[in-house]
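By written order: A, B and C. Residues from 1 in each chain.
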């Protein structure tokens, strides 16, 4: 079965006054329909850039410099501007971080949902569109009356669910949820995550969940991808990531999670994430790696697939290491 | 819009009117000049006033400037007369009262200002919005700049230049006044056209200068709105640029601009008065100009007060009407 | 076990001059404004050094002369050498602008600061006064004021004063809102926690951050001052003997200069005013960008 999402060698840089910052360095990733991937990493690791690049929303001074993003075997990066407009929301949808301000304050919710449909299906009948919107609202556990309301009349969780509703209106193949719960309280977080879970099952989309809350990830995704300094370190199933992570960075992340047994002792990762303007040679993690070898300082490790099915970019696992 | 807010605003209005009237009350008192005496001396030289009329003027002035009464009493008299809408009698145009003069000339001024305000608001804000919109073509965005430059040119100066080039040299438009000499005002269409022809240059001088202000403020607003999450999300939805521009960007950026409308009117008024004076339009400006040149101070103060009250009232009205535009404030 | 982070090689930071030049390239309005201003300043300075300033006053030279080699900008009806008049006029305009502008900014900074920093009734009072005075048409009041003054006591200094009287409210409100937002920001709390006294916070933390706004306010005030003094003088309410641009235009209008064919009389002052005000407006627009960095990004 062909993966519904296939990212190949994605390369994104930002050209600043201080030089060129490599935000995504040759990143490849695949996802099947119905799968849920959690994309984790520190700030600046490139996860949000990845989302923007997939939606082709990278703005100056950023530039997509290479790679392909296949959704259903069609490379989004090759589409014309017009076609890309059509592809957004209908093939690949984005749920924004912080829905607090993502809804137009002077338009009713319904109007914002309808203009999304209208942009893709200009000939649709008004009554049909309205009905579709209202049903979608119900599917995310919102009342039909929300259709007529304004954004400020809704709570944070409700607004986030409206954004989710909008994202599934056209039944896209891929949904990117960019830290959808960061501004919410724990109870609402759970509600929102369950909603995403449910709608995903309804339309069978592939979901990429971006965030840095590993605990939340663990409960909802199938696979976890760890990014560091613009490169992919490891991709494993949830179970594997939490029980036998392979990449030293991923391992350190898992170890740093506080657990009920190990109260009071916090294990951080020494050092700082590198500036994207001056990445270390070889493996970008080598200055902070507890198991660094000589080869790590000069040769960049390519991602490779292990027998366990995990993908790692680390010299520790190279054949004959 | 809560009742408390309405009352607050009304109170504000009253305070502004009070402040303005107090200021206009005290200003003549700082001057060592005694305008009445000077004026009478001039009058006496030119003659043409019967003793009875003279007495009426003196009486009026004594009420207004009751220089023989204690200051506090003068002040209260003044405030009381203002409340009665009694602004005094004009010296120059005796026996017309100040109020009469204002009412007669008002229609002309209102037309000019209304046209100018609407035009400059619409064009200026549109240009400003476009200037800040990165996806607009560069040439379109550049149109805004000359208008910002024009801001620096006082409309009256522009008026002089326009008058000279379009009116005198090229003889394209009439040289001033509200309608052609010899024409009798009536409600016919041809008269209307005549008036419009005479309004073009004055309106142009004013509008061109004021577009710039709107451009600048709208541009600043536009940049802020652009960075808003909902504009971003609109793009994520795959909406075409023009729709995002109109519904997500413009509609939100325009709202705060409306509150500036009344204040802008205040600034416009003064420039408008000067332009009217330049073109000889029989509006408030000409009356004010004549009053300044002949030192007919009651007229001057009356007009100043009138304008202040109008502007302040408009400000409050706009503020009270704002919730109709912005759903966020419609609560309670 | 734990590895120590390898120190990053020094980032090649472009020099401050390069950064400024690159920025100026994007901020064209500022550049134009500054260029025009430079030209005007140059004109004035060179003029003051080379021209006989006495000729700027009436009855100095033969009147109504067209521009010629002897009188490059011509002379006016009253016997002013227009070149001298322009030079002196510009200088005086600059004086009014800087004086009134500086005073207005100073008042704005002091009042805005006090209002925001100390809060309470003082704040309510200052804010209230500013808000109430704002709808009052400043120019009109200035006209009334200038008109009430004894013609002999009107000098460029009194004009500057009249202009400032109703112009200080805007910078006060702007500075106040900036200081208010800064007060809440963390660097002030941190300074307080470190034991820095009130004075230290004011001069060490807040003032440096206010600088761009103060400069922007100053430019704005200069603009308002020059604009205001022009309006007053063009109505004949200025110090009539002085060759202020507005005065010259008013006198020219009074003598129907255009229709008498003495076009040069009102034209030079008009052009000069346009240049002065445009350059100030451009610089203002440029400052708008600096104070609001997001505007920069959209260019």
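In the analysis below, contacts are C-beta pairs under 8 Å (C-beta built on N, C-alpha and C of every residue); 3 or more make two chains touch, one makes a residue touch a chain.
Bear in mind the structure is a predicted one, so any value in this text is a computation, not a measurement.
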Farthest chain from subunit C by C-alpha centroid distance is chain A
Between B-C and A-B, more contacting C-beta pairs sit at B-C
Per the C-alpha means, the centres of subunit A and subunit C lie apart by a whole-Å value of 51
For the pair subunit B and subunit C, the C-alpha centroid-to-centroid distance in angstrom is 24
Rounded to the nearest Å, the gap separating the Cα centres of subunit A and subunit B is 55
Residue positions on subunit A within touch of subunit B in the complex are 55, 57, 84-90, 93-94, 96, 98, 100-107, 115-116, 119-120, 150, 152, 163, 166
Subunit B residues touching subunit A in their complex are 228-230, 232-240, 243, 247-248, 251-252, 255, 326-328
In the complex, subunit C touches subunit B at residues 29, 131-137, 139-141, 143-145, 147-150, 223, 227, 230-231, 234-237, 249, 253, 258-259, 266, 270, 273-274, 276-282, 285, 288, 292, 294-295, 297-298
The answer for subunit B against subunit C in the complex is residues 12, 15-16, 19-20, 23-24, 27-28, 30-33, 132-134, 145, 148-149, 151-154, 156-157, 160-161, 164, 168, 212, 216, 219-220, 223-224, 226-227, 262-263, 266-267, 269-270, 274, 289, 292-293, 295, 297, 300-301, 303-304, 307-308, 311-312, 315
